[in-house]
């Protein structure tokens, strides 16, 4: 019955990686809390880097800077 | 003043169906708790089936299996 | 498989009212989208009025003003 | 370490406006609670007007009515 | 930078179990998506069984029935 | 009509600080996006430090270590 929401930036995450996140999060709830997997929901939100901030900065800008040589 | 968030899979939900969800959820808060509808917000998130898991499985796969004859 | 989150202020909501919210929200998803109720989750968050704002004002204050004769 | 989620309707919000929301929300947490900005996350969800309701009405309809002369 | 929210019922979850959920969810994001753990947030919401529904029923009732001999 | 959710650790946040968060977040939406404050909702979730993790560690432990001399 647990509900897990994973928010990540939308940066070429593959279907296979999403499947691993869903399987892993479900397994975690089973192992730690003995939850019933059949009613465990996992929802992955992929967020545009323009819409995600850390340190007061937009991730799109941080990614661009990381690629720019000094 | 309530806030209702409805998360569903993104599978051909029509505008008319969304309107019914919004109307119905708002009406529910009015009937049960006498809330003011004019400040009741309802937000519907449609989630790609690749991003939704149940039972540790991705919904995209579950849907494909349901269509496959044994 | 839908997930519904209802956020309301924590103001003497009874267990019976919560049961009606849960039943009503689940029924809404069944009627409008033919969802499977057995895997439909509803989570109600009761939020302290100190922690809820509307119009830039804290609800605790708005409630106090509503009780104060002019 | 705070997490801020801002949900707004998807109506021509520019990257520059999103950057201001992220910067402003982070600054708010620093000023009011002395939080560390470097681990403060801000996520902006832009929601289709078909998927947002207020007063039991879909925002798409409300916007259309606001443009219609009586 | 990911954000993970785990919602579970409030039923004697220990601090040690919460620590395992936090560690496990963070590790999952590192393994599958090579995310930076130092800015990965995990928030666990423990929800009163009166406030959680599945199948249109309140969990408090479901738990009581499970303990009642037929 | 925007909805803002602020999640912070539950560590002696005062009512006055919460009022400033609510006022500031609402003002931010007005200034940046010209939103109507009267239907702008702000909800603050105060999360127990046992239930919040960063870097795969529970905040309760991180706080204890920060107070411990080497």
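The letters A, B, C, D, E and F name the chains in turn, as written, and every chain counts its residues from 1.
Just so it is clear, a contact is a pair of C-beta atoms (placed from the backbone, for glycine too) under 8 Å apart; a residue touches a chain by one contact, two chains touch by 3 or more.
Everything numeric here is computed off the predicted structure, so don't read it as measured data.
Both subunit A and subunit B are touched by C, D.
In terms of C-beta pairs in contact, the better-connected of the chain pairs A-E and C-E is A-E.
The two copies, subunit B and subunit F, are related by a rotation of 180°, based on C-alpha atoms and rounded to the nearest 5.
Chain centres here are Cα averages; for subunit C and subunit D they lie 21 Å apart. The distance from the centre of subunit A to the centre of subunit C, with each centre set as the mean of the Cα atoms, comes to 27 Å. Shared contact sites, meaning residues of subunit E that touch two or more other chains, fall at 1, 3, 7, 25, 38-39, 41, 43, 45, 52, 54.
Under the contact rule stated at the top, the pairs of chains that touch are A-B, A-C, A-D, A-E, B-C, B-D, B-F, C-E, C-F, D-E, D-F, E-F. Listing the residues of subunit C that touch subunit B in their complex gives 1-9, 13, 17, 20-21, 24-25, 28-29, 31-33, 35, 39, 52, 54, 59. Within the complex formed with subunit C, the subunit A residues making contact are 1, 3, 38-39, 41, 43. Chain contact summary for the complex, subunit C toward subunit F: residues 7, 45, 47, 50-58, 60-61.
Contact residues of subunit C toward subunit E in the complex are 15, 18-19, 22-23, 25-27, 37-46.
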